[in-house]
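Next, two complexes with chain A in common: one pairs it with chain B, the other with chain C.
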Partner chain A sequence: MKLQKEAMNWLDSRLGIRELLHSNLTGYLLPRNVNVWYTLGSVLLALFGLQFLTGILLLIYYVPDTEKAFASVTAIMNQVPYGWLIRYLHVVGSNLIMVFILLHMFSVLFMGSYKRPRELTWLSGFGLFNMGLIFCLTGYLLPWSQLSFWATTVATDAAGAIPVVGDTLLEYLRGGASVGDATLGRFFALHVMGLPMAFLGLVGFHLFCVRRAGISSAPFGEDYRPTELSNSFHHQKHPGGVPFHPNYTIKDLAMIFFALALLVAITFYAPWLFIPLDALTPADPFSTPAHIKPEWYFLWAYQSLKIFPSALLGLAAQGAAMGFLAMLPFLDRGPERRPGKRPIFVTLYLLGILLTVGLSIWGHYS
Partner chain B sequence: MKRVQSVCLALLFTPLLFWVAPVMAEDTVCIQCHSGQEGLLGKPVELWRGSVHAANGISCHDCHGGDPTDFAMAMSPERGFIGAPDYVAVPEFCGRCHLGVKEDYQGSAHGRALAAGGPQCVLCHGNHEVQLASIELINEESCSRCHEYERAAVVKQTINGTEVTLHRLERSVAALHRVGIDMRRIKEDLFAKRNSFRRLFHTVELEKIKNQTAEFNQSLLKIKQQIDDHESELGQRKIVGGVIVLLLLLGGCIALLIRKSYHEEE
Partner chain C sequence: MSDPSAQSTERRTFLGVLLGGIGAVIAGAFSWPLFRYLSPIDKGGEQQQVRVPRRQVAVGGTHFFSYQGRPAVLLQPKAGEFVALSAVCTHLGCIVKWVEESQEFLCPCHGGRFSTAGQVLGGPPPSPLATYVVSVDGDEILIG
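So, the complex of A and B:
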């Protein structure tokens, strides 16, 4: 104990650790009305950490070669001690991350927390959501299963629908005329090195934005009033609020425990929820599996592409929808955040969710 | 410069592609052409879609030959097109893949009677709608078309227990495969056993079937033991998983109780 105190004194005299910890933990006050939705960021950080850890462990045995990839994954699942656990935690974890990212985005939208001065927080978060999707798609190819091969073939095929740059894009993505060794090499490098580095940078920027702008209070209750906006930088403080640590971090910890319980329950009892049958067969470029479907988070896009008469139109509509969502803070500029006082937004919000869920269900059963 | 611009545009469009999803590949030219036809020319496609062959990727050209990629030459003898075989040629037609069964069938009373109008493969199994063979194919209605049912009933009774065991083991193998356990070796072993067993009763020799069924039952016991080991390991995993889930839930509840105590202070 004495040694610990001396080490702390040594660090404090050089780096001002105590002041840093106080200003960011015990002295950092949050609004009194923060609710359970505010914990989703911490849950996501914990799950990202687990993905990094399990991903590094999988890298020890995975072989990024079209001749050996499926066999190496089979060996991880059946011969490596606890390999099945590490892989399933990674697979189920990636799906749960998408669930929690969506919930996080829905709560931010509903509470209007994306509004000025938090436009950059929203944009970086939206970037992280897209990066999560790319993470999933690149990870999808690595086991070199039937699902991996054909999902990637069709996803990259759509490149040909884009005028002028279609062929270049196709070549750039696949590294050849068809999905093969070069594609696996590219996706592997992107999945284990390129994306994680960019992702860490963007997470850092997102957290920086959250800390600099200050936590927004939940727009509920009689005491809530819209914030007066100024043109100069202003960190939103919450005098009389609750300390971030330990009062709030313990709530974060509780939700992390519950999220991990869900992850472990699916991993041990129903891992097949996120692993279609075609993912259990090695890739065969000469045999197209029947009824191949994308993962649940791509189903809305899959179905919307089928609705439009051409792939280009479908892609353009999806691009417009995603662009609108990314630019929302710059379009919806009023200071009002209370859902009850934003009936048009809430109606569009609910219709948007219903449309996405409806398209996904349609895509699943089509 | 133009190439740089193209690459930049390509990079710009890349994220859009990750919202795109897979669709089914095109069918062969045989299916494309025949599925649009009516009557006898279109019916086989409809029947084939619900068959065990379709489920295992065996398509028209695998049996009838021809070129499934070329509309003009699809039915050309130059590309190996055979068409529909005559009644007596059916065992040879099916036997190109089902070699063992063909051999036992040809040596049996059924096979020896073929030239005189005896039964062949499609009479019991059907043709385009061929289903996974089951013991139910041996039934009074089917067998009594040609002879008395008594003898066939004894055969059915003899093989019934082994058939049930085979089905049960196959279901267990499929369930273990579904959760990622490598079942290839056991699956191949079971497949070989099932095929040998099916060959056996195509001989329609009662004594031979009785004697060899007992041997099959012994060899299936060994496979069952391996499957039981895997299932037992899965069961243990679930117990450990359940304990971890409970501990995590307990941890969450304790954290919430601590939070509540802070809340009272606030």
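So, the complex of A and C:
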């Protein structure tokens, strides 16, 4: 204990570490009514951390070559000690991240936390959601299985529907006329280097926005009143609130452990949920398997492309929906955040979720 | 009546130790797979013998190959006499090269010299090159 105190004194005299810890942990007060939905950001950080770790470990044995990729993944699963565990954690982890990102977005939307002054927090978060989708898309190709190959072929093919530049864009995405060596090369580089670096930068900006603007109060309870908006910068403080540490960190840790327990449970008992049979056959560019489907979080997009008379209309509808979501804080500008007092928004919110889930189920069974 | 603040401190210490213990057990449980994952994979090659066609080693010439995952060299100093040595210099691990003119091995890194039997002839190497068992099996030389 004495050594710990001396180390702390040494750091404190040089970096003012005690003041820093106090202002960000014990002295940083949060609203008293923070609920479990506020912990999803920390859960996502923990899960992304695990993805980085398992991803680095997989890189030790994975070979990004169309002739060797499938064999290297098979070797990871069957020959490398505990390779199956590392790969399953990575695969299941990526799917859980999408679940928690969606829950995080749903809670932010429901509580109106995207509203002014948190537009940039929402925009950067929305960017992270899209980046998560690209992470999944690029990672899906790497095992070079039938599923990887044909899911990527179908996913990239949609870009060809864009007028004028579609064909060029498609070739640019794939690095050639069809999915092949060049596609694997660029998807691999993007998945292990380009995206992680951009992602870390954007996460940093997102956290900066969260810390700088201050945590929003949950818009529930009799005491809640909409915040008066001002034109100058104002950090939202919560006098009489609960300290970030230990009150909130304990809640965070509990949810992180819940998510990890879920991850481990699926990894041990139901990893096949995310690894269909087509993922067990090496890619064959001359034989398309029947009923190839994208991952569950792309099913809504897959189905919406099918129900429109042309792929261009489908893409335009998807773009409009995503654009609307991204721009929501600039369209929905009223200060009211209580769901009970926003009936139109809540109706649209529920209809939007129902539509997405309905399209996904339709896409799954179509 | 016991002091409530003392009770609270005891409870906090107890919970801290309990959580720390559980955390250590979980970390231990996941450290083992991580350690095994990073350990070299045993491909069962340690006990394997290597066969080299006899015609690949001329009299006074050498043939470099991999033996048990390490560079090795087979040479025929005299007709019908075969020697297999480790090709890794015992000084700092560089790979020795064969100098046909002087019929000796030279380490290009720091000038270590070895005889055809692997003995140190000069330079900084502290010990001879390791030797391997060699036998002749028809048209092949068997090492190990």
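By definition in this document, the second predicted complex is superposed on the first by the 366 of 366 C-alpha atoms of A that agree within 3 Å, B and C clash if a C-alpha of one lies under 4 Å from a C-alpha of the other, contacts with A are read in each partner's own complex, and residues count from 1 in each chain.
As a working rule, a contact is a pair of C-beta atoms (placed from the backbone, for glycine too) under 8 Å apart; a residue touches a chain by one contact, two chains touch by 3 or more.
Only a predicted model underlies this, so the values are computations on that prediction, with no experimental measurement involved.
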Task: Clash or fit (per the criteria above) of chain B with chain C on chain A - done: fit
- [ ] With the two complexes superposed on chain A, say which partner A:80 touches: chain B (first), chain C (second), both, or neither.
- [x] second
Task: First (chain B), second (chain C), both or neither touched by A:22 - done: neither
Open item on the list: Nearest 10 degrees is fine: what angle do the Cα centroids of chain B and chain C make about that of chain A?
Closed with: 70
Open item on the list: Once chain A of both complexes is superposed, is A:159 in touch with chain B (first), chain C (second), both, or neither?
Closed with: first
TODO: Could you let me know whether more residues of chain A are touched by chain B or by chain C?
DONE: B
Open item on the list: On the A-aligned overlay, A:60 touches which partner chain: chain B = first, chain C = second, or both, or neither?
Closed with: second
- [ ] Report, in whole Å, the shortest distance between any C-alpha atom of chain B and any C-alpha atom of chain C after the two complexes are superposed.
- [x] 7
Task: Residues of chain A contacting chain B in one complex and chain C in the other - done: none
Open item on the list: Quick check on the complex: what are the chain A residues that touch chain C?
Closed with: 57, 60, 79-83, 85-86
Task: Residues on chain B engaged by chain A in the complex (per definition of touch) - done: 3, 6-7, 9-11, 13-25, 57, 177-182, 237-238, 240-242, 244-245, 248-249, 251-253, 255-256, 258-259, 262-263, 266
TODO: Write out the stretch or stretches of chain A touching chain B in their complex.
DONE: 32, 74, 77-78, 84, 87-88, 130, 133-134, 137, 150-151, 153-156, 158-159, 162, 164-165, 168-169, 172-173, 242, 246-247, 250-251, 253-255, 257-258, 260-261, 264-265, 267-269, 271-272, 275, 277, 280, 287-288, 290-294, 298-299, 301-302, 305-306, 311, 315, 318-319, 322, 363
TODO: Within their complex, state which residues of chain C touch chain A.
DONE: 33-34, 36-39, 41
